[in-house]
Every structure is written in structure tokens, then in C-alpha cells.
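Below: the structure, in C-alpha cells.
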Amino acid sequence: MYSVIVRGHMMIAHSFKGEVFGPAQRLHGATFVVDVEFRRPDLDADGIVIDIGRATEALTGILGGMNYRNLDEQPAFAGRNTTSEYLARVVFDRLVEAINRDEMGPGAAAVETIRVTLHESHVAAAAYEGAIPGHASR
Amino acid sequence: MYSVIVRGHMMIAHSFKGEVFGPAQRLHGATFVVDVEFRRPDLDADGIVIDIGRATEALTGILGGMNYRNLDEQPAFAGRNTTSEYLARVVFDRLVEAINRDEMGPGAAAVETIRVTLHESHVAAAAYEGAIPGHASR
Amino acid sequence: MYSVIVRGHMMIAHSFKGEVFGPAQRLHGATFVVDVEFRRPDLDADGIVIDIGRATEALTGILGGMNYRNLDEQPAFAGRNTTSEYLARVVFDRLVEAINRDEMGPGAAAVETIRVTLHESHVAAAAYEGAIPGHASR
Amino acid sequence: MYSVIVRGHMMIAHSFKGEVFGPAQRLHGATFVVDVEFRRPDLDADGIVIDIGRATEALTGILGGMNYRNLDEQPAFAGRNTTSEYLARVVFDRLVEAINRDEMGPGAAAVETIRVTLHESHVAAAAYEGAIPGHASR
Amino acid sequence: MYSVIVRGHMMIAHSFKGEVFGPAQRLHGATFVVDVEFRRPDLDADGIVIDIGRATEALTGILGGMNYRNLDEQPAFAGRNTTSEYLARVVFDRLVEAINRDEMGPGAAAVETIRVTLHESHVAAAAYEGAIPGHASR
Amino acid sequence: MYSVIVRGHMMIAHSFKGEVFGPAQRLHGATFVVDVEFRRPDLDADGIVIDIGRATEALTGILGGMNYRNLDEQPAFAGRNTTSEYLARVVFDRLVEAINRDEMGPGAAAVETIRVTLHESHVAAAAYEGAIPGHASR
């Protein structure tokens, strides 16, 4: 299995609901350094997994929709705790949508799985990894 | 699959038995920077994989049992080479025991697999990854 | 010159006032990974720059006063932009106060300069470095 | 599953053919920091996955064959784009050959899968991961 | 003294002349991850050292002039070994020119010193640090 | 001022004497990842600060003298706590001796200052920085 991994980041405010979060129930924030790994079993004719330039642009666009914002005020997240693991899934879902809209070039259609990792500090991270829904080979 | 990853460290002395270890047969030591990844297929009602505070406490406790010690003198390791890969398994086993003792909260029961990585320097690491024994879904 | 460097972190929300900040004028947040370097020309009788345990505790306490908070609501920062460079200075000032209150042990009195670095992402950081006011040797 | 991970690097020149590469069609270069993860289900009698010294030597030898070279002039890569993902596969194949020539000691025969990751910058990487062809347990 | 540090990178080919370089006399390449630290004694009215957005743009522009190129063919470097330390100076000089052309905003005029660090691998780096020529306060 | 920075590491056992060290009074160990920065005001005719290959060899030799050893049994350290800051000075002194024995080539004679940083974990480091004794320009 071949992979290409690209990195981006976003700086957001949010708060959590639930006793388990302790002081993180207060409004605070985070820098998320985001690594996205695209995987497919074979390389294309150019010898690549995906157009890394377009993949980076797509990631930048997705993170740009949350960057410098208070996620508590985003309608898309109403009633949800925007934990790192949940946001990893959000980025995954939006990447799948971008692939389905053909925004990452023809090679992206051959990507079978994606892993999104959000590093929230030097001692904590979260990830979501999954197959691309509807992909023929799975 | 969702993941949460937490980091801790320990500073230990030890020696190895066996020609393959060369100069590492002498008493020496290591800082192990330890990453633990907890994985489960769905988030709980709070939107998390595991209570990250309790997971970090459990890891700190496990590493604390070895930290600032000479592992050659630990009865638990008698007759064993405490290599990085072996210690990764030890940390894994002790995390499973902590989960089974319900020390990491109810969410931990849904964790299916754990990966423990020990970084021993900027150029070497070892890991153990496995399913939690007895977990219903496996 | 000898140094000891310890690391901590905090996760905060804030916003900036001023056109130069562009989208960062909106409420957002950051994880600051904070490195503090303590410097003195000679080691003490134990062979150390400073009691690293107490230095880490002091740093944790200082960061704890801001961690999981919206800095826009902190009276101490009223009318100020809590930029990374400004916060580096805040941490510096509070470390100097902790030294002056003798919270870091007798060795801390010999520390001449401190550098505080705040990493706000994998591509940006800020720092403040200065002599400890009133230190005899300066 | 147990893993051992070793790191090396190489500094090469190359160019790519194909519009998708944009300015990278020009002759340029890269430092590849290379992580190799060797995996097997059980440890050997010494408590290790692989002789880390010999594994590092094998990796150094493989990278040494490309280091400080222009890959466009290497006959082995004629007609191919030496992308990061392709080179990850090249390193994988050459490690398998080294194992098959018994250059990494008897323990290497028990290695089932290898993952090779090439970090090309602080924001991009590529990997190839596969089972060792002909391994009995697969 | 306050600092702001921004990061960029470039991927170049080059070769060196001189026996001291050994195999690096051959055409090869490097990824340079470049950190630039801007320093000034006081913050401006906005609480910043420099407009970090414009500083990043200036750095990206300077690195873009070398990125994806063979430095052996650049007239600006004729007769010179483009070592990491030399390139650190080149980036420094071009940053000073950008400041003098007022490309980084009014705050940049108060910057007194700049440090440019080029990381060429996980085990080697080079830097140039200097005062900005003609700065009044020096 | 120009710099070249090289990295090595060593894995040692030791213990400390003195209440300030708490549990680190027990025999334990550490991996020290060691960065050495060599500084001089001008480059030589080849465009370098120092022969990086010979500097790395010298550092490897110095660390090799301590690597895989129990520092408590080294006569050179009798009666001393081998703290990170003290060991940074030891490495500095041995590098100066190597320069004075002309082991790092003619360029090393122009090096004015050296900074040695020992990273003992992801959250702690120590350093010693000084001028090379007897250097004419100081």
C-alpha cells in the first residue's frame, strides 16, 4: 500500500459540554496541526498516489473553513462537542466530498483509505481513519 | 476507526544479555518517550474515544512504576531482556489491566486495540500493537 | 553559560484588535507549547542550574492560570493584544516573580537570564528573552 | 504485532516528467529522512524484532547507493519518476532483498511486513507498506 | 528582546567544489526547512514584533526564487559553494533587502537582528545571524 | 555570525547525590540527543564553518566514550553529579580539546564559540555555551 501525507493547521476556539472535560468546559482554544494520509494500492502512470499540490489545496480549503473561528458558533457543529477525534472525522468527511467533487484530480479516485491526525499539543493527538465510502475495491 | 494518542516518558537503566546486543550488554540507560494510541470504531455520547485525563494518569502511573529505576533489578523482568519492543508490550499489558480494573472510565471498555510506541532516540523506536484480550467485538 | 530548558503548554482562546491581524481579529484559539530556558554562568554545588522539578512546577502553575481560558476576559490583559510575543513576556515576568518569591529554590537566585519561547504551530513561534531585573551581576 | 523502527537519510537530485509536477519538472533535490518499521508477531529468544544494528547498516547501505547522487542518471530508475512514494517502494524492495540474502541476521526471516516512510519536508511525506513476498505466514 | 519565528522550505539541487566535501562534490540535492527569527527590543502599538503574514510572504518569495532549481545554474551563485551556511546568509541578505524596500510593513524597520537557520536533515543544520546593516540603534 | 549544527546521541546509566534530585537519586538512565553548534564570524574559502564530516566524527567519538556506560563508574566523573548541564560542559571541553589537537581540520581553528545542547526527553534539555579558551579574537 502506498501513502502520501500532507500537513496543514488551524487555530480555533471552542468549549465542551460534559463533566468528563473538566476545565475544558470553559471557552478555550487549540492549534491543530493536521496530517492527512492518502492510501492506494498502486501508483498512477506518473508514479504518484495523488496530486500533492491539489491535495494540499483541498486540505487548506477545508481547514480554512474552520481556521480563526469559534467552533461553538458554527451551525455545522451545533449540539456536538468538537473534540479532536470528532474534528478528525469532519476533516475526513470533507476530504471525501472534495474527492467526490473531483477537486483533487483523477488520481484521487483510486484512493482507498484516508487517515486524518490532529495534533493538539506535543503530548496529545487524535485521528480518524476510514475507507472512502462507495469505493469499488472495498 | 477513531484514535486518541497520549504521550509520557520514563528514564531507566538496564543491560542486555546476548551477543547480538554488542556494547549494550553493559549497564546503560534510556529515555523512553512513550506514545499510546487507543482505538475504537465509534465515539461515545460525549464525542470522545476515552477520557484523555484518566488515560494520561493511567499511563503516568504505569511509567512511574519503572521511571528512575534499574530494570535489571525489577523482579517482574527477571530473566528477560528489557528491550524497547518488550517494554512496549509490558506497557500494553498494564494498560489492558488498568482498563479491566475500570481505571480509565466507562469509555475505555469500548477501546478495541492499543498501540504503544517507545521512542528511544531520534533514530530508533519500537512498538507493540494488539487487540484487547476478551473484547467482545473481536 | 549553562542552561536548563523545560517545556509546558496551554490551550487558550483570544482575539486581536487591529487590521494587521486580518482574520485573527475573530475569536479563535491556540495551543502554545512553551519552552523556558534558565541561564547562569556557573553550576551550584549539586551540579545544576536550577531545581528542574520546581522550575517545571512553577511553569505549570503560571500556564495553569491561563490554560483553558478566554484571554479576552482576563482582567490582566485588558486593552492588550495577547499575541504570542506579548504572552512570552507575561510568562517571563511571572517566572521572575516566582523566583523573587523564592518558589524555585535557592539556585534560582543565580539565574541571570531567561528565554521564553511560545510555539503556536509547526510554522510559527515567538519569544521573549531578558535579564532578571535587579540581578546583582548585570 | 511488534515493531522496530530505524531512521536514516539521503540527499538526492532529481526531476519529474509530467504536467502534474509543475515546477518540480525542473532539476531540483530533496533530503529524505527515511523511517523503516519492521513488524513480526512474536519476539525472538533475545527479546527483539530484529538486530537493530544490522538493520541500520542495511538501511544505510541502501540509502548510500542513492545518497549524493542525481537520480535522473541512475540506470535503475530510467523512464521512471523517482517520486517519494516510488522511492519508498524501492527502499522496501531492497530491504526485502537484503533480508533474503540474510544480511540482517536470522531474526529478519520472521519479519512479516515492512513500512518505509520518506519525509521530504516538515509538511510532506510518502510511504510504502507491504508484506514480504513469499513469507510463509501470509 | 522579543522574537517572532516563521518557517518555510525549499527543495534544491546543487554540487560542491573542494575535496573537503567528499561525495557531496557530486550533483545532489536538499530540502532546506528554513526558520527565520526577527528580533527587536520593544513591541509595536499592536503588540507585535512584525506582521507575521507579510514576513511569511517575504520568506516564501525569497525561497521561491531558489525552490525547485539547480543552484549550480543560478548566476547569483556563480563561483560559490552554496553550502547551508552560505545560503543562510543569502536568505538573511534578501530579507534585509525586503525590509529596506518596506515589503514587511512599518514594524519591520524596528527589527534589529535576524537569525536564519537552515535544517538540511534531522542531524544537521546551519545558520547566519546578524544585525540589520544601517539600523540606527546598533 | 555563521553556525553549523550537528546531532549525535548516547544512552547512559547514572545516579545523582543530593536531596534535590528526589527519585533520580536511584540508579536510572537517559538517552541524550546532543546538538553541537559551532560558530565563527566568517566562512572559509570553501564556504563552510567547519568540515561537517570531521565535526560529526569528533562528536561521535566523544559520545562513544560515554555511550552504553554507567557514568557512576567512570573515573573522570568521580565525586560529580553527571547532570545534563554538567555533561554539556564535558562535551564542550572535549570538543575544544579535539579542536586543539587539530582533529577537525584547519577551519575549526576559526571557531569562536560552541553551544552544546543535551535533550534528555521531549520536555527537558540542558546546554553549555562558551568561547573557545585562548582564541585570539576574544
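Structure notes:
First chain written, first letter: the chains are A, B, C, D, E and F, and each begins at residue 1.
Everything below uses one rule, namely that a residue touches a chain if its C-beta (ideal position, glycine included) is under 8 Å from a C-beta of that chain, and two chains touch if they have at least 3 such contacts.
Since the structure is predicted, the reported quantities are computational estimates derived from the model, not experimental observations.
Under half of the residue numbers at the chain A-chain D interface are used by both copies of the sequence.
Matched by residue number, over half of the contacts between the chains of B-D recur in the interface of A-D, chosen from A-C, D-E or A-D. Across the assembly, the mean Cα position most removed from that of chain C is the one of D. One finds 41 Å separating the Cα centroids of chain B and chain E.
Centre to centre, using the average C-alpha position, chain A and chain B are separated by 27 Å. Mean C-alpha position of chain B lies 31 Å from that of chain F. The set of chain E residues that touch two or more partner chains comprises 7, 122-123. Chain E contributes residues 16, 18, 20-22, 80-86, 88-89, 117, 122-130 to its touches with chain F in the complex. Across the interface of their complex, chain A is touched by residues 7, 9, 11-14, 23-24, 26-31, 33, 67-70, 120-123 of chain C.
The residues of chain E lying in touch with chain C in their complex are 1-8, 37, 43, 46-49, 51-53, 56, 105.
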